[in-house]
Structure formats: structure tokens, C-alpha cells
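Each structure below appears as C-alpha cells.
In the two complexes below, chain A is the common chain; its partner is chain B in one and chain C in the other.
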Partner chain A sequence: MAPFVYSTLIISLGLGTAMTFASTHWYLAWMGIEINTLAIIPLMTQNHNPRAIEATTKYFFAQATASATLLFAAVSNAFLTGGWDILQINHPLTSTLTTLALAMKIGLAPLHSWMPEVMQGLSLLTGLILSTWQKLAPFCLIYQIQPDNPNVFITLGLLSVIVGGWGGFNQVQLRKILAYSSIAHLGWMILILPFSPPLTLLTLFTYLMMTFSLFSSFMLVRTTHINSLSISWAKIPTLTASVPLILLSLGGLPPLTGFLPKWLILQELTKQDLAPIATLAALSSLFSLYFYLRLSYTMTLTMPPNNPAGTLPWRLNPQHNTLPLALTTTTTIFLLPATPTILALFTF
Partner chain B sequence: MSYLMYILLFGLVLGLVAVASNPSPYFAALGLVVVAGVGCGVLVGSGGCFLSLILFLIYLGGMLVVFAYSAAMAAEPFPEGWGSWPTLRLMVGYVAGVGVAWGLMGKFWYEEDWLGFDGVVELSVLRGDVGGVSLMYSSGGWLLIGGGWVLLLTLFVVLELTRGLSRGALRAV
Partner chain C sequence: MTPAHFAFSSAFMLGLAGLAFHRTHFLSALLCLEGLMLSLFIALSLWALQFDTMNSAALPMILLAFSACEAGAGLALLVATTRTHSNNRLQNLSLLQC
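Let's look at the complex of A and B:
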């Protein structure tokens, strides 16, 4: 792709999200999301193979449907209440429609099925953009809807946590596993949204960190399949040693950062007298933990039989820029002791 | 006037059903043209003559191009119209769905919205739609720049997707 076109697309990707962030008017917010969708399409078809084109087509159809529904909800809201303000979406019909449209945008459980299919056809870098940056604009909108009735959010969230864990079970393709992991994490965020919006932001923040480190690690070892993970130790031993910690952090085990959002969410749900839902969510995240464990087992905890010469790190130093990866990996692993500070940062 | 509006709205819903029931592309494009035309009629009936004219010229102009292209690309020897069974089945299903929705929601229907935005025209200096256009150019300037940028972006996207020889995305399929 020509550099000018590439930079135009990247700038527009930024512009769309910024426009949605800055808008108080539904029409502008919708426009920002549309710019986002349009701008990423050529990036998705950069690799000219039929699978990438198929993924792009699926992505476009899903996003166009969701956008049309969102616009319909906004117009209906303007028709019923006379206002275009994002915060003023308080008619039950339009607020439910908006929630569902945005849920389809970010891939929440009953409307999630485009997400693994699309991710599977993309390169890891585009997949990273899709599962982090592209989520921000719809998420900003979903954060601003304050529904009277939290049931829609609870249902979406709980289903996403369950489906995200369950769907990743039988996968051997890393990109599909990453997609299901993204669905499960978004489920946690939506589950807590009606009760404590700052916790949602906190979860989003940690999710961005963890996903970025995992995608970057897989990009460095250039693998999209679970089998080829097992030879990554010969390429980058240090990273291979730290990837299980990233994975377990995504799974939410205690001394790592990933425990922080899950802990606080479960605590908040219990405070809201929703102990059964909290239990169900916690148990469902065990599914996710299972496939994270399988990935770390393949990558680090097992070693194929080799002669001694083969076990040496014999490659030249990799020429990649690993500073962002180092930063996010550190935050992914070590942030739990800073819980009070982070909580103060997000809830003040 | 009310009778005409009934006919137009009926045509609008029927046209949408005709598009949604999955016929061959050029029948679907024909359905879209019908829907757009009837929609312009509904707008005129609600008092938006200028808006309707813009929509008719620009949207239908674009629609005709799409119509020509899809007719050219999807020239099937045996196209599926609305007479063949799979399409007809869907169509009947959608009409029944509209009927059910009417039965459920019909009691909330009331006619006061047909007043249109020029129902109080004697109180205003400008017509509603012309006033809207001038407002768009005066206070919506940045929005227009944004819209122009989006059109440019769409051009880039389409060119990038359909460029020639082996570099176009569509060739890969």
C-alpha cells in the first residue's frame, strides 16, 4: 500500500475514534464509528488472500448492520424525545436498541459470532487494532448510556463471559483463542457497567495492556498456531519465559495484574447482593483459564525432545523494537500491588 | 392527501419487503429504486419538498449507477424474481411480520405527525427545509468539512479495494 494512502487511513482511524469521544450528539458519534469502520477495511485486506477478503466482508456486514441499528435507535430517540444528546437516551426502546447495536459493534455474546471468524483471517497487527483500538469508540458510547434496567447488561455480560470461555475450548488457532478471550473480557466489563462504571474503565485499561502484550509476543515469535508455540523458546527465551505470566494474568490469577479487575468486580457484585451472578461469572472464567493454561503449557512448560546443541539460543539478536512490549508486559505482571492507587485514579 | 400518503407508505413498506426477501440483485436494486422514489413522495407529503428533491436527485442518481452495475455484473440467465418459491416464501413471511407488528403496535399509532414541519408556516420567515440548509452551511461548517473528508476517505478505500491487476482485493477471491 502506498505510504500516503496508508497514513490517510491511519489518520482517519484516529479521527473516527476522536470524533466519537468528543461528540455529545448521536449523529456525530455515529459518524465517527462509521469513519473507523471504513478506514480499517483496506488495512484488513492488505494481505491479498481469499481468507482476508472473506474476513473483511464479514466484518463489513456485521459493522454495517450494527451501525444501521445504531442510527435507527438514535433517530427513533430524536423522534420520541426530540433530543439528539447522547446522555438523553432514556426511552426503554431506544436504549435497548442502542445497547444491542453497540454490543454487536464490540462483539458481545449473543452477537459475537463475527468476531472469531474475522480475527482468524487477519494478520496479528490488524487483529490487535481490531481488538483494542476499534473497541474504544463503541465502548465510549456504551459507557454513556445509563439504563434504568441493568438486566440487559447483566445478560450480555454473563453470556459473553460464558461464551468467551466455552468457545475458546476446542481451538488450536491462536487468533480465534484471542478473539474468544476478548469476548470474555468485554463480558466482564459489561457485567459491572450498571453498578460501577469506573470499574469498567479499569477493566478496559488492564485488558488493553494485557492484550497488547500477548499480541506483541505472538507477533515477535510469528506464530498463529498453538503447535508452533512450542519452538518459540529457541527464538526468544526471555519472552517465552514471561509469556505464561501474561497468559495467567489474562486468566486472572492472584499475584498478577489480571486479578485486579476480576477481584474488584466480584466484590462489587457481592455488595450489590448479586452473589449467584458473581459465582457464575467467576466459575465461567475458569473455562478461559483452562485454555490460557494450555497455551502456557505448550509454550513454556513442555519441551520437545532435542539434542543438546538444539537447546542453545543460537539465533542472532532480533531487530524488533521491543520497548512497548517490555512496558506493557511489566504492567501486565506487576501492577497488583498498586491497586489502591489505580482505583483512586479511576474512581476520583 | 391522506389517502395518497397511505398509498405511499404502503408502497414503502412493500418495497422494503421486496428488497429484503432476497431476490436476484437487479430485482433487489429495482426494489431499492422504488423505495427511494416512494420515500421521496412521503417526504413531499410531509412538507419537505426541497429535501425530497435533493434526495431524489442525489440518492437516486447514485442508485441508478448501482442498478446499472449490479445488472451488468449479475446478469443471470434465470434470475429469481418475486414469483419463485424461496423469494415468495420470505416475502409472505415478512408481510406477515409487518402485520403482526401492526397488530401489536398499531394502537400507538396516531396521525398528528403528518402535520409536517411547515404546518406553522405563517409564523416563520423561511421555509423549514431552506432554513435547515442555511443553518447547515453557517453553524455546521466543520461538520461539512468532516463530511467531505469522509467522502475522500471512501474514495481512497474503494480505490484501494478495487485497484487493478493483482493488487486489488477483489481479485484475490
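Let's look at the complex of A and C:
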């Protein structure tokens, strides 16, 4: 792709999200989301192979339907209540419709089925953009709708946590596993949204860090299948040691950053007298932990037969820029002791 | 619910049902999407007419521009899919399932 076209697309991607962030009017927010969708489509198809085209098609249909439904909900709200303000979406029908449309945009459970297939067809870099940057604009909107009735959010969240764990169970494709892990994390965020919005932001922040570091590690060792993880030690031994920690952090094990949001969310749910839901969510995240553990097992504890020449590449310097990876990996692993500071930062 | 609201809501719902349940050809899905957009166009025009505000008079035109862009992207994807999957049936898009 020509550099000029590429930079235009990247700038439009940023512009769309920035527009949605800055808007108070539903129409402007919708325009931002639409620009975002239209800008990523050429980025997805830049490797012109059947899988990429198919993934783009599926993404296009899901996103176009979701954004049309979003605008429909906004117009209906304008007809019913007379206002276009994002914060003013009070009518129960339109607020539910908006929630569902945004859930389809970010890929929450009953509307998630496009997400793993789209992820499977893309390159790791585009997949990274899809699962981090593309979530921000819809999330900004979903954060601003606060309905009186939290049941929709609880249902979406619990279903996402369960489906995200269950779906990734039998997968061997890394990108599908990443998509399911993204669904499960979004489920946690939505689950806590009606009760404590700052915790949602905190979960989103840690999710972005963890996903970024995991995707960049996989980009560095250039693997998309669970088999080829086991030879990554021959390429970059240090990374092989730290990726299991990133994976366990995604799974939410105690001394790592991933435990922080899960802990606070479970605490908050228990405070709201929702202990059964908290238990169900905690138990469902064990499924996710299972496939993270399987990835870490394949990566560190198996050693396939390898000849001495095959172990050479670790002596060479990697060609990528590894500074962002180093920063986010550190954040992913060591942030738990800073919990009070982070909480103070997000609860303002 | 006013008659205008009912009219564009039912148009939108019919388009959505078509998109969800009539899944044979790519082109028919694109047409359903276009139908959704046109019902939204009617809705925005009615809103602008009903309240006579200058601000919202431009909204239907912007919507048309966006839906034209979206339809262009959809048709480009139609061509790309036809080239890679050899016909335009949505049934054929099954490479990524496993």
C-alpha cells in the first residue's frame, strides 16, 4: 500500500475515534464510528488473500448493521424524547436498542459470532488494532448510557464471560483464542458497568495493556498457531520466559496485573448483593484460564526436537521496535502493587 | 408513537429482517443494508421537517453521503469476494470456520 494512502487511513482511524470521544450529539458520534469502520476496511484487505477478504466482508456486514441500528435507536430516541444528547437516552426501548447495537460493535456474547472469524482472517497487526483501538469508540458511548435497569448489562456480561471461556476451549488457532479472550474481558467490563463505571475504565486500561503485549509478542515470534509457539524459545528466549506471565496475567492470577480488575469487580459485585453472579463469573473465567495455561504449557514446558542450527536466531537482534512491547509487558506483569494509586487515578 | 415514527420503524425492521433471514446472495444483503439506510434517511428528513431546525436540515444529506461510501465499500467487497470465492453466494464464505 502506498505510504500516502496508508497514512490517510491511519489518520482517519484516529479521527473517527476522536470524533466519537468529543461528541455529545448522537449523530456526530455515529459519524465517528462510521469513519472508523470505513477506514479499517482497506487496512484489513491489504493482504489480498481469500481469508482476509472473507474476514473483511464479515466485519463489514456486522459493523454496518450495528451502526445502522445505533442510528435508528438515536433517531427513535429523538422522536420519543425530543433530544439528541448522548447522555439523554432515557427511554427504555431506545436505551436497550443502543446497548445491543454497541454490544454488536464490540462483539459481546449473544452478538459475538463475527469476532473470532474476523480475527482469524487478519494479520496480527490488524487484529491488534481491531481488538484494542476499534473497541474504544463504541466503548466510550456504552460508558455514557446508564440505564435504570442493569439487567441487560448483567446478561450481556455474564454471557460474554461464559462464551469467551467456552469458545476458546478447543481452539488451536492463536487468533481465535485471542478473540475469545477479548470477548471474555469485555464481558467483565460490561458486567461491572452499571455498578461502578470507573472500574470499567480500569479494566479496559489493563485489558489494553495485556492485549497489546500479547499481540506484540506473537508478532515478534511470528506465530499464529499453537504448534509454532513451542519453537519460540529458539527465536527469543527472554520473551518465551515472559509470555507465560502475560498469559497468566490475562487469566487473572494473583501476583500479576490481570488479578487487579477481577478482584475489584468481584468485590464490588459482592458489595451490591450479587454474590451468585460474582461466583458464576469467577467460575467461568476458569475456562479462560485453562486455555491460557495450555498456551503457556506449549510455549515453555515443551521442547520439540531441534538441530543446533535452528537455535541460532536468538543471537540476532530482532528487527522490530521492541520498546512498546517492553513497556507494556512490564505494566502487564508488575502493576498489582500499585493498585491504590491506579484506583485513585480512575475513580477521580 | 406517531404515524411517521411507525412508518420508518417498520421500514427499518423489515430491512433488518431481510438482512438477517434472507442470506443467499451478497447483493441482496447489500440491498437490505441500503434499505436500512434509506429508512434512516426518511426518519432524519421527517425530523428536520417536523421541527424546522436549520441545524438538522443537513443531517439527511450527510447520511446519504455516508451510506454512499458504505455502499461503495460493500460493492468493492462484492467484487473482491467474487474474485476470491468464485461466486457471490454468502454460503461460500466458510473458510474461517473451524
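The rule is short, and it goes like this: the second predicted complex is superposed on the first by the 337 of 348 C-alpha atoms of A that agree within 3 Å, B and C clash if a C-alpha of one lies under 4 Å from a C-alpha of the other, contacts with A are read in each partner's own complex, and residues count from 1 in each chain.
The criterion applied here is as follows: a residue touches a chain if its C-beta (ideal position, glycine included) is under 8 Å from a C-beta of that chain, and two chains touch if they have at least 3 such contacts.
Computed from a predicted model, the values in this text were never measured in an experiment.
Undergrad: Looking at the overlay, does A:T56 come into contact with chain B only (first), chain C only (second), both, or neither?
TA: A:T56 sits against chain B and chain C alike.
Undergrad: Tell me the contact category for A:Q173 with respect to chain B and chain C: first, second, both or neither.
TA: A:Q173 sits against chain C, while chain B stays out of touch.
Undergrad: Between chain B (first) and chain C (second), which, if any, makes contact with A:E268: first, second, both or neither?
TA: neither
Undergrad: With both complexes overlaid on chain A, does A:L71 touch chain B (first), chain C (second), both or neither?
TA: In the superposition, A:L71 touches chain C alone.
Undergrad: Which partner, chain B or chain C, touches the larger number of chain A residues?
TA: After superposition, C is the partner touching more of chain A.
Undergrad: With the two structures laid over each other on chain A, which partner does A:G121 touch: chain B (first), chain C (second), both, or neither?
TA: second
Undergrad: Taking the superposition as given, does A:L15 touch the first partner, chain B, the second, chain C, both, or neither?
TA: first
Undergrad: Intersection of chain A residues contacting chain B with those contacting chain C?
TA: Overlap of chain B and chain C footprints on chain A: residues 31, 34, 38, 41, 45, 48-50, 53-54, 56.
Undergrad: Within the complex, which stretch of chain B touches chain A?
TA: For chain B paired with chain A, touching residues are 143, 146-147, 149-150, 153-154, 156-157, 160-161, 166-173.
Undergrad: Which residues of chain A touch chain C in the complex?
TA: 27, 31, 34, 38, 41, 45, 48-51, 53-58, 60-61, 64-65, 68-69, 71-72, 75-76, 78-80, 117-118, 120-121, 173, 176
Undergrad: Okay, in this complex, where on chain A does chain B touch?
TA: 1, 5, 8-9, 12, 15, 19, 28, 31, 34-35, 38-39, 41-42, 45, 48-50, 52-54, 56
Undergrad: If we count contacts the way the header does, which residues on chain C are in touch with chain A in the complex?
TA: 1-2, 4-5, 8-9, 12, 16, 19, 26, 29, 33, 36-37, 39-40, 43-44, 47, 59, 62-63, 66, 69-70, 73-74, 77, 80-81, 84-85, 93, 95-98
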